[in-house]
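You will see two complexes here that share chain A, one where it goes with chain B and one where it goes with chain C.
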Partner chain A sequence: MNQAYAVTAVAVVVVATVLIGGLGLRISRTTSDFYVASRSVPPRLNAAAISGEYLSAASFLGVAGLVLAQGTDMLWYPVGYTAGYLVLLLFVAAPLRRSGAYTLPDFAEDRLESRTVRRAASAFVVGVGWLYLLPQLQGAGLTLRVITGAPRWTGGLLVAVVVTAAVAAGGMRSITFVQAFQYVLKLTALLVPALFLVAAWHGDGTPRGPFDEPPTFRQHTQVQVEDTLRLRIEEPLTVTVTGTVDATRYRDEGVLLEPGTHTIEGGTDLRFTPGSTVPRPAEHASAGTSSWAEPLSGSRDAHPLYSTYGLIVATFLGTMGLPHVVVRFYTSPNGHAARRTTLVVLGMISAFYLLPPVYGALARLYEPELIMTGGTDAAVLLLPGRLLGGLGGDLLEALLVGGAFAAFLSTASGLTMSVAGVLTQDLLPSLGVRHFRLATVLAMSVPVAAYLAVSDLPVADTVGLAFAVSASSFCPLLVLGIWWRRLTAAGAVTGLLVGGGAALAAVAATMAGFPEGGWPRALLAWPAVWSVPLGFLAMIVVSLATASRIPPGTGATMARLHLPEGATR
Partner chain B sequence: MTVLVTLGLAVGSVLLLAAGAALGHVAGRRRGAGRRALGTPVERATFQTLHNASLAAPPLRAGLTEDTARKAARRLRTLLGTDALCLTDRSTVLTWDGSGEHHTAGLMTQVRQVLETGRSEAFPLTCAQEGCAIRWAVVAPLTGDNGVVGTLAAFGARESPVLVRATSEVARWVSVQLELAELDHSRTRLIEAEIRALRAQISPHFLFNSLAAIASFVRTDPERARDLLLEFADFTRYSFRRHGEFTTLVDELHSIEQYLNLVRARFGERLAVTLQIAPEVLAVSLPFLCLQPLVENAVKHGLEGSVARSHISIVARDAGAEAVVVIEDDGVGMDPERLRAVLRGEGGPSTGIGLRNVDERLRQVYGDDYGLVLETAVGAGMKITARFPKYRPGVHPSPPSLRTRPRQR
Partner chain C sequence: MSERPAPRREVVVGEPLRRRPVRQLGVRSEIDEQTEVGGAYVRGLMRSQLRAGLCGFGVLALLVGTLPLVFAAVPDGLGPWLSGPALVWLVLGGATYPVLLCLGHWYVRRAERNEQDFVDLVEGQ
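What follows is the complex of A and B.
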């Protein structure tokens, strides 16, 4: 990896963002023509902005890493991230826009006419926002380490400081043009290298062997182990070691590793010969014999079918509760435009998500040692250097680094804006409306603390947890709020607290690392399967029990939500 | 371990925020109840009475209707400690709280006397039902600005001078609340009247001048005259529309455009306008006709006493959960002291009704934090900043009036 190019790419991304956000926009939109000035944002542009804000580090880096390590099961991630917008399109987009709400707490208050519901919704916006900020920091830390070799906490901290400063100074207002630019940038940054990589793969004779069997090294490969590793070896493996393996020091000596678990000390160099099987980390042992291309044949989870459903429910239903996505719909002039916008978003995101699996598959061929060291999230960034090398590889890597940085910046700033907004407005009103800056610092400091404490969850997994909480709390609120007249404030609060609270508790337990395995582990790691129905159930039961307290304005509100604009009068 | 602790803290804080918000709400409601343990028995009784009265006040402040009467009656009955309590208006029984609801039937004829004389009365009741505890009624009038508006009736098992006295006092207190409700109501009506006045204010001078300007084009440039007339029709249609208190920024901008086109027809190139509108805030709801008067003000200041070109800029910015609109002119400006007087409503009849009206309406809808911010000095132009929250409960724009023609561009 060429540091100079990569650092330049990051600098270019940041400068371009600031320029478009500040100068370019101001000049282009200053006019004396009212017709030009009052043109609303066309659905395509708004859709690009939504996609730009939505495609985060998890999409850019995490999906490819998971596909590399776990195979086709993980394709459910891109499918789910996209299909969430289908649910949003069908059930939520237009009525939410017509409600006139800017944030999710606004919607809760508007529909249920209760400050208590508003406060409960605010608490969950903050919770989901914090959970979703965490993987952005993780991704940034990883990227910076790959570029410069800096310790992993520096990158996340750097992005946290940059985003906090920018948001607090008012420089990262969620401007449609900037976010649309970020989408184009991310798509280009992933598409152009992908074309080169696929061409190179073609030139290499389109090898495809390792898709059906455990991955093997295709050439002499030297791996430097940074943190101490425990590896599971299935069949005898000869490797040249400089360093410490199983408490024995070696100096450039060939070692025969017997089947079983071996401990590699940090700082050890391993050299593998072509054709030898890639060893797996001990904790993912079950995957050793699996077939990568066949679904449900064995991933790291003990209950792959259940986990898959957990993932599907969380991502399909969680998108509608992402605070930074929902506020973007306010830009649409009416419900119809909001619906069209969502449709375009579906197309744009689908196009984007075709690419990460390509990187995952190529990484399985060309950099299988990442599976061994567990650094699979870096797969996308390292691939051009490995496959192409030279100046071209360096430039493509720089492009990918720039794209990854765009991903952290746009998503993290959008989230920080939303969380800080809710903190100032609803949860800490004693701070005063003007203390937005203080709230910004608070909005970022909690995920930073969690980021420094938790390190070993893959980026896409942390995102999955954020989606699970969002699906368990906001999906029932939005779906029932929009489609069920008998929802009461008491029911909504109970459903939010029960569904969302259960998901939050499960997330906390998973992050803290217990229980160790089996069904309890699976249930807590993928809570959405049970916590979403729980949320719905609690909301419905309590609403029916408090049927006398249906908000008085329900009829009028429902009419406003469902009738096209212009039909109400 | 640190991992566990930090995580616990992070997640715990989220849960605590949620729980705290819920608890705070409940505690806020019950705080009054917790204070009962203070003071001597007499003092406690006083506290209790005041507390009950304070609970009955909010519904009554919304006026005397079936819904508000039902809510208030519960509290009033606790206050009086009677078996049953009833509120009527001039024609029907609004609510009956407590036992013996069958007495509702003949009640209106029995209270007729009180409604007519406006004096309290106590009388025995005959009741065929067994075990009915209600034998005596005390009826006191509720008075408003226009005489008796209803009655408060309390019912007990026996004749009691204490109950008579207490009922009259409570009725008097209720009357005060109802008068306050009437006051709130008239304040709203006043503001509505001011909006109407504002609409009327647009008319005479501006309308004559516009029509005269249009007339001057009829021969020389009939096409332009036609456009201006249509512009004029659209503008008046919007300004005089009757329904809806709120509109959207984009509709308000259209009205401003039409206004400025008509002004330009008169002053030609002397007036230059720049706009910088963030497309994200076009959909923001705001009170009807709250920007147009500000622009009108800027135009007046810009063209007043200067022959040179005048420049107005209108900027709408996205600021998170708010939209910020800044209207700036480079005209004659104003003495800040005089401006302050105008905003207090002491500037004389002709000056700045627009500014004051907009300021008051913004404060009424969004709260005092959202008043206009004006920066000006004599000869230094004027800068008006208004902020609009993107969402506020109850603020929903009415659909735009249909335009008379498709825009020709």
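What follows is the complex of A and C.
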């Protein structure tokens, strides 16, 4: 990998982000501009911004890595991310815009006329936002380390500083331009190398069988083991070793590894012959998994069908409650435009998601050793060097690195924007833009502190947690709030706490390593299947029990949510 | 006596200048004023929009939500030329997205038609 090109690419993306952010700053003149872009962003631009914000590192790098490590079932992730937008369109998009609120807590208070609901929703927005920010920072750290060997904290800190500066300086308007630019950048950065890679695959005689199980080496492969590895061998495997295996030193000798667990010391060279099976790491069943999806894929082996449905429910229903997604709807001029915008977003992210599966399949063919070393997240970045090499490979690699950084920057800035919005409104007195800037720093500093404190722990798996919690708390609140007149404030708070709390507790227990296996583990690792119905049930039952306390303005609010803008005076 | 002008008689019959605009605006004012009838119109619109949403969601569940069961039912794919994982790759990696887009497109048209019908109803009075 050519460091100079890659570092230049990162620098260009960062500078372009700051420049476009500054351009927006000159345009945003009023407080309203600053917060919600004066509600006048045209659908295409807004849709590009939404897509740019939504396609995070998990999409850009993680999906291909997951396909490499675990096979094609992992493609449920991008399908779920996209279908989540369809569900959002079906039930939420237009009424949410017509509610005229700016954040989820605004919606909750407006609909249910209660400060308590507002506070509960605020807590969940900030919590989900922070959970989602952490893996963005960690992904940036990993990427920069893969490229340059820089210490892990560098990449995360770089993203944190750039995002805080861009958001605090320009607010929503500049973020809209930045995000739209980053969508185009991400799509280009994945599309152009993909075309060259597919051509190279064709030139290689279109080798077949990328999804054969278990994965095998197609050609002579030499692997330099950096950190000490423990490998699980299923069938006897002969490798040529220079270094230390199972505490015995070898020097360019053929070694027969019997089935069982073997320790490879750091610095050892392994050479595999074509046709030999790729060994998997022994540490956790899920090692080699993309770090962005760990808890969601942690127990897939035990009950794959249940796990798949857990993933489907979490992503289909969780998208509507992600704070950085929801806040974007207030920038559409009206409900009609909000609906059109969502449809364009659906098209844009669909186009993007056609690409990661291609990288996943090529990675299975050309770099299966990443499964062994656990570096599957780097699969996308390393492919051009592997397939093409030379100057072309270096340039395409730089393009991919730039795209990956755009992914970290855009998702992180959207999240920071929405968390800061909620902090400004609910925690700090709303005295204007100055406090928004202060809130931006606060919104970013907590995840940065967590990132620096626990950078060695597998905390990156919080993306799945964020989706499950959002599906169990905000999905019932939004769907019932928009379509059911008998929802009460007490019901909403209970549902938020019971549904979201249960999902949170379940995944926290899984991450702590409890329980060991079988159905209890599957149920806790994939809580959405039961925690979403639980949230709905709690909201409905408590609302019916407190039927005398239906907010007095419900009729008027419902009319406002559902009537087309032209139909009222 | 008869030349004396008759005392001016003022008859108060209501508020002629501030006549309620019900007759001109019909349904629209019913909605604005939160009357029973207006509420019924809003409920009607909500019902038709909810039906459209549920319809789209049902088709999504039927077409995409059942895929894991389909994949579990044919683990070996479609014979030697299309293995199970390759089938999953083709369906989830490409074929699903046009379905999602078509569903979204259908829903937007349906929802906009519902709203247009509603506006026609209001304007038509």
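Everything below uses one rule, namely that the second predicted complex is superposed on the first by the 477 of 569 C-alpha atoms of A that agree within 3 Å, B and C clash if a C-alpha of one lies under 4 Å from a C-alpha of the other, contacts with A are read in each partner's own complex, and residues count from 1 in each chain.
The rule is simple: contacts are C-beta pairs under 8 Å (C-beta built on N, C-alpha and C of every residue); 3 or more make two chains touch, one makes a residue touch a chain.
Everything numeric here is computed off the predicted structure, so don't read it as measured data.
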Partner chain in contact with A:Ala450 - chain B first, chain C second, else both or neither: first
Which superposed partner A:Leu442 touches (first chain B, second chain C, both, neither): neither
Greater chain A contact set [chain C / chain B]: B
Contacts of A:Thr116 with chain B and chain C, given as first, second, both or neither: first
Contacts of A:Val493 with chain B and chain C, given as first, second, both or neither: first
Those residues of chain A which chain B touches in one complex and chain C touches in the other: 566, 568-569
Residues of chain A defined as touching chain C within the complex: 67, 71-73, 75-76, 78-79, 82-83, 86-87, 89-91, 94, 211-213, 305, 308-309, 312, 316, 336, 339-340, 342-343, 346-347, 350, 353-354, 357-358, 361, 483, 555-556, 558-559, 562-564, 566-569
Touch list for chain B against partner chain A, complex: 2-4, 6-11, 13-15, 17-18, 21-22, 25, 243, 250, 253-254, 256-257, 260, 272-280, 282-283, 285, 318-321, 369, 390-391, 393, 395-400, 407, 409
Contacting residues of chain C [partner chain A, same complex]: 28, 31-32, 34, 38-39, 42, 45-46, 49-50, 52-53, 56-57, 60, 64-65, 68-69, 71-72, 83, 85-86, 88-89, 92-94, 96-98, 100-101, 103-105, 107-108, 111-112, 115, 118-119, 122
Chain A to chain B touching residues, read off their complex: 26, 29-35, 37-41, 100-103, 106, 109-110, 113, 115-116, 119-120, 122-124, 126-127, 130, 170, 173-176, 330-334, 417, 421, 425, 427, 433, 436, 446, 449-450, 452-454, 493, 496-497, 501, 504-505, 507-508, 511-513, 560, 565-566, 568-569
